[in-house]
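So, here's a batch of structures to check.
After this come two complexes, each holding chain A, first together with chain B and then together with chain C.
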Partner chain A sequence: MTPTKCQDQVVLDLWHPLAALAEVPAGFVQETVLLEERVSYATDGGGNAAVWLSRPDLVAGCPFEPGALTRALPAKVAYGYIWTSLGTPPTELFFIPEYAEPDRRRLNAATVGVNVSAPRAIENFLDMGHFPYVHTDILGAEPHTEVKEYDVELSVERDEIVATRCRFFQPKASTASTEGADVEYIYRVPHPYCSILYKSSPVDETRLDVIAVFLQPMDQEHIRAHMMLCVLDDENEDKVIKRFQQTIFGQDKPILENQFPKRLPLDPRAETPIRADKSAIAYRRWLSQKGVTYGVIPAAT
Partner chain B sequence: MITLYDYELSGNCYKLRLLMSMLGIEYNTVPVDFYPGREHKSDWFLRLNPLGQLPVIEDDGLVLRDAQAILVYLASKYDPSGTWYPRSDPALLGEISQWLAFADGITGTASAARLHDGLFYDLDVESARAGAHRLFRILDEHLWFGEQERRDWICSGQHPTVADIACFPYVMLSEEGGVSRQDYPAIRRWCDRVKRIKGFTVMSGIFPAGPARAA
Partner chain C sequence: MLDTAKTRWHPIAASYDLPFRHVFHAQLLGREFAVWRADDGYVNIWENRCLHRGVRLSIGINDGRELKCQYHGWRYSNRTAGCTYIPAHPADAPARTITNRTFAGVERYGLVWSAEEPHGRVPDVAGLREGEQLALRGIPLNAPADAVVSALTGYRFQPNGRLQGNTANVSLEGSDTFSVALRAYEEGAETLVVFFVQPVDSSRSVIRGVLDAGPQGAERLAILRHHNERLSKLREIAEREAQAAPQPAPLEPVIERVSPELAEMPEMTAHGRKATIRVTVARKWLAADGIAAFELRPVQGLLPTFQPGAHIDVHMPNGLVRQYSITNGPGESDSYVIGVKLERDSMGGSLCMHETVREGDLLAISEPRNNFPLRRDAVRTIFVAGGIGVTPLLAMAQALKNQNLDYEFHYFAQNQEQLAFPEKTALLGEALKPHLGFLPETTAAKLKEILSGYRPDMHVYLCGPGPMLEAARRIAADLGWPETAVHFEYFKNTNTIDDSSSFEVALARSCVTLQVTAGKTILETMREAGIDMPSSCEQGACGTCLATVIEGEPDHQDVYLNDAERKSGTKIMTCVSRARSARLVLDL
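Let's turn to the complex of A and B:
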């Protein structure tokens, strides 16, 4: 194999999302960009996907014949998306057990191109402090601006960051909300470029809605953000649920695109955190410990 | 009541939400899954608008498409002050039409670049960006000369018109398509004035004006 443009072996060996399975017309070649490489993929309509480095004899739009394919990349279908890797990925992707619960709505809210590095986008996803200012009257409202004390730990067993006991007053936490409520959040970061959020369900107080961002790094400063929803809502049409999430993401987008520097600085002295940034600090440290260099400004050694 | 066929992230739909908010008009919304669902190309929507484009409104049995056309209709029918589309002033109406067409040019360039970057539309993004800069230079110069004559808005007169509403959204969203407004100070000041019009409302990607500066 020719050398990849990305030299970060940790990132090369990860599973990366490419597209929502439900949105891919079966039997035709599709093309996208992953880690600066052109990558093609196709599905057979039966939930199986093939992925390969793009080649001139199988261009986008061509009917796809699985037999013609040699030297395929690893491929996996999980949580409604097609995943691949340019290196040697682990057998399993991180686990989201709620995805298998039959009464949940499972949707790709949208796949959106954003001019930002993947780590900056993950860090914004973890941040509650911006809710009242960026998602005014939806995920927050003045004067309820305080980020209350919460817990962050690195789960050694699962190698992921978990933030718990996060609480925030939200005027409209989801499409199923009828009034403002103190909403409980749990964040997981089980993958350098993926994060999963659990929040109180307005429908069933014993259960949590699951919202995930799976980021596909096109290069170090551009991503395709895939937004997975796995929520309890038996009232609203799919498009209404998607619209809610797209509204939120559309509010984040200019904030993400104006981050400077675009790559996430991992040096603890590079940017001054406040108490509310506890999960971001843990995330930066975790990326440093893993040796991630793609999409970040590594700490000086 | 008016029904608006709407997509939240569409600047053309936002033009109508914005004017209706400023005029204090109530309306119903029918969400259309423009992306990723492409519902604007579905059979039921094509029967409403054979062009397969948003927005569309229904009002009193009238079905109307095209953001600029709908702005003209709404202002003519629902603006008791008659300032947003002053029907008795031929010269001003001519100016307004000229800038409504200009707004369509902004959609064809700045908005196209945004669709390319954000929603992966297959088009020549460099040419779209160059086209947007060409239009922004013209608008910036026009607004700058206007400021010298104490004209705050795109067209002559003391009041904002539908031309301001038509041009505003895709100017404000241009950075999502990689078109910076850094070199257009008069455009930036005009955007700030639009944000201070009574009844102004935001959409995803557009924030309200900061606290007013002391006079």
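Let's turn to the complex of A and C:
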């Protein structure tokens, strides 16, 4: 195999998302970019996908003949997306048990291109302090700006970061209420470029909605963000549920694109953390420990 | 080859790029700036990057006094660029040292000038007279500065008043690496234009032209249009040539690292009782009957960033040290204004300020310290001031007013003449509620009225004479206010200090054990052992010398901690409080 432009073996060996299965027309070649390489993929309409490094004999739009494919990349369909890897990926992707619960709605809320590194976008996803300023009157509202103490731990056996007991004031806590109240969140970072959040469900107090962001690094400073929803909602049409998430992400996008530098600095002295940034601090350390260099500015050693 | 000298002044904007409450995105030699004019006229030139998460401050909000970051609402003060508020932690005062990088700025010839490390002053330009010039529209172009300068030497134009003609003689009056001066003559009319080429990056520039005269009205527009058309043509040619030439690599400005203590999770760190700042008494006036006001200006440089509720130590000519609250509103960063009440039983402090200190005198002051931080996440905030206790609350109320947050300001005084800083309190408008001539009994009834109707997320801030604070705290507790919602600051500690005990103090982090003997405070004992600890009032009122107790039972003698904090046994004021147990372990 020709050498890849990305030299980060940790990142090469990860599974990366390419597209939402439901949005791919079956039987035709599609093309995208992953880690600066052109990558093609196709599905057979039966939930199977094939992925390969783009080549002139199978260009985008061509009907796809599985028999013609040699030297394919690893491919996997999981959580409604097609995943691949440019290296040697683990057998399993991280686990989201709720995805299997039969009464949930599972959708791709949107796939959006953002001019930012994947780790900057993950940090934004983990961050609650910006709710009153960026998602004004939706996820937060002044003067309720406090980020209360929460817990962060690195789960060693699962190799993921988990932030629990996160609470933030939301002006309209659920569709049923007009009063504001604290809403609980749990965050997981099981993959350097993927994160999952659990949030109290407005329809069933005992269960949690699941919202995940799976980032496809096109290069070190450009991503496609795939947003997965796995929620309890019998009422709203898909487009209503999607629109909410698209609004939220649309508010984050201009902030993300105005962060400088675009790659996430891992030097602890590059930026100023506060207690509210505990999860981001843990995330930066975790990336450092893993030796991730792609999409970050590694700390000088 | 681009001259990348960081010492040379360059224009980075025109004065008209800084309209009311705008933030302008400028760039010089690859480095981005957020440039904004505060309502007091000061032009701030800052690194275009919030220190928290690197978001460009040029997309921030200029509220006239402070710049607010769009991402997390961090607020940075006019002039100093010091962070004054972090909304995610409303109960904490941000470490004063969270300060963005600022750059020198000068407005001259209708342009804003800056440099990374400028030498000397913005040079005088022969033929331009301040106030009479006309700054042309900045023309950005994708071409390196040297190529632009050489193109400009061939620029042809008509003098003012002869724009219709086409026969002007243009002479090159002078040029250097980044500027070109040209004069056009035609039939008695002549006009000087000086072009400054701003090197935005290695391959991008802005042409900033200044004419020596700028008539008003239609003629002005015609002149601007004349140069705009001709410079646009010059741009097309210069860009075409630059495209054909090899592209130089973009410049990479070095972003300074934050200080090591800021890189860690913040613990509030302050400094010892040190008078590190020299100020001049720029103005002294009577703020009210018996209250002298002092405006203190720095002898050189800028004063440090302050937060509402902060106080400074003033070191007086007679050797005494006293604490006074800063009354300034947000962004009023060119001086500190304090109020000093003449105490009848003055020990010499207020007397000295009233009678000895005069306008023009030099004083030594400490950096501001904030042990009375203002939360800004309340649905409603009530301020209750008694007499000179108005000073810290005045600063707080102005901060809330500036952010359009809900508050009411109750001000108790003997009579109208004793209401201090009327010019500042008048700005509070309807929120100001003066209560005049109340006796202790009637005060209590009034306080009941003010403090009734507690709802969650309300906060009250009290500052005034001891008996009034005691009454207000008791009434608040009776009316259901939780202790965490009642914030207070005493002028002084009137408790009789019992310093007869002796005990052992172990400093866990310093790995030192000290013996505190009768008659000595913990603070003094630590200092004798060479351990520096910040302090200010040294009588248990201001909160500066707070330490965390890991083990042992404190003997609280201060007036800073509230009852819950006392009972928890986890905090101690080291200047007056002692130990009930034989041993105290402090987290120092």
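Observations
By our rule, the second predicted complex is superposed on the first by the 292 of 301 C-alpha atoms of A that agree within 3 Å, B and C clash if a C-alpha of one lies under 4 Å from a C-alpha of the other, contacts with A are read in each partner's own complex, and residues count from 1 in each chain.
As a convention for this text, a contact is a pair of C-beta atoms (placed from the backbone, for glycine too) under 8 Å apart; a residue touches a chain by one contact, two chains touch by 3 or more.
Just so you know, these numbers come straight off a predicted model, no measurement behind them.
By the touch criterion stated above, A:254 is placed in contact with chain B and with chain C alike.
After overlaying the two complexes on the shared chain, residue contacts for A:20 are found with chain B alone; chain C is out of touch.
When the two complexes are overlaid on their common chain A, residue A:45 makes contact with neither chain B nor chain C.
Using the contact criterion defined above for the overlaid structures, shared-chain residue A:246 touches chain B, although it does not reach chain C. In the superposition on chain A, contact of A:291 is made with neither chain B nor chain C. In the superposition on chain A, A:61 makes contact with neither chain B nor chain C. By the touch criterion stated above, A:90 is placed in contact with neither chain B nor chain C. Once the two complexes are laid over each other on the shared chain, residue contacts for A:115 go to chain B alone; chain C is not touched. Where the contact sets of chain A with chain B and with chain C meet, they give residues 254, 258. Those residues of chain A lying in contact with chain B across their complex are 20, 23, 108, 110-115, 224, 238-240, 242-243, 246-251, 253-254, 257-258.
Considering their complex, residues 32, 48-49, 51-56, 59, 70-73, 86-91, 98, 255, 257-260, 262-266, 376-379, 405, 457 of chain C touch chain A. Taken together, the chain B residues at the contact with chain A in this complex read 7-9, 31-33, 35-37, 39, 117-120, 175-176, 178, 203-205, 207.
Residues of chain A touching chain C in their complex: 123, 129-130, 132-134, 142-147, 254-255, 258-261, 265, 267-276, 278, 281.
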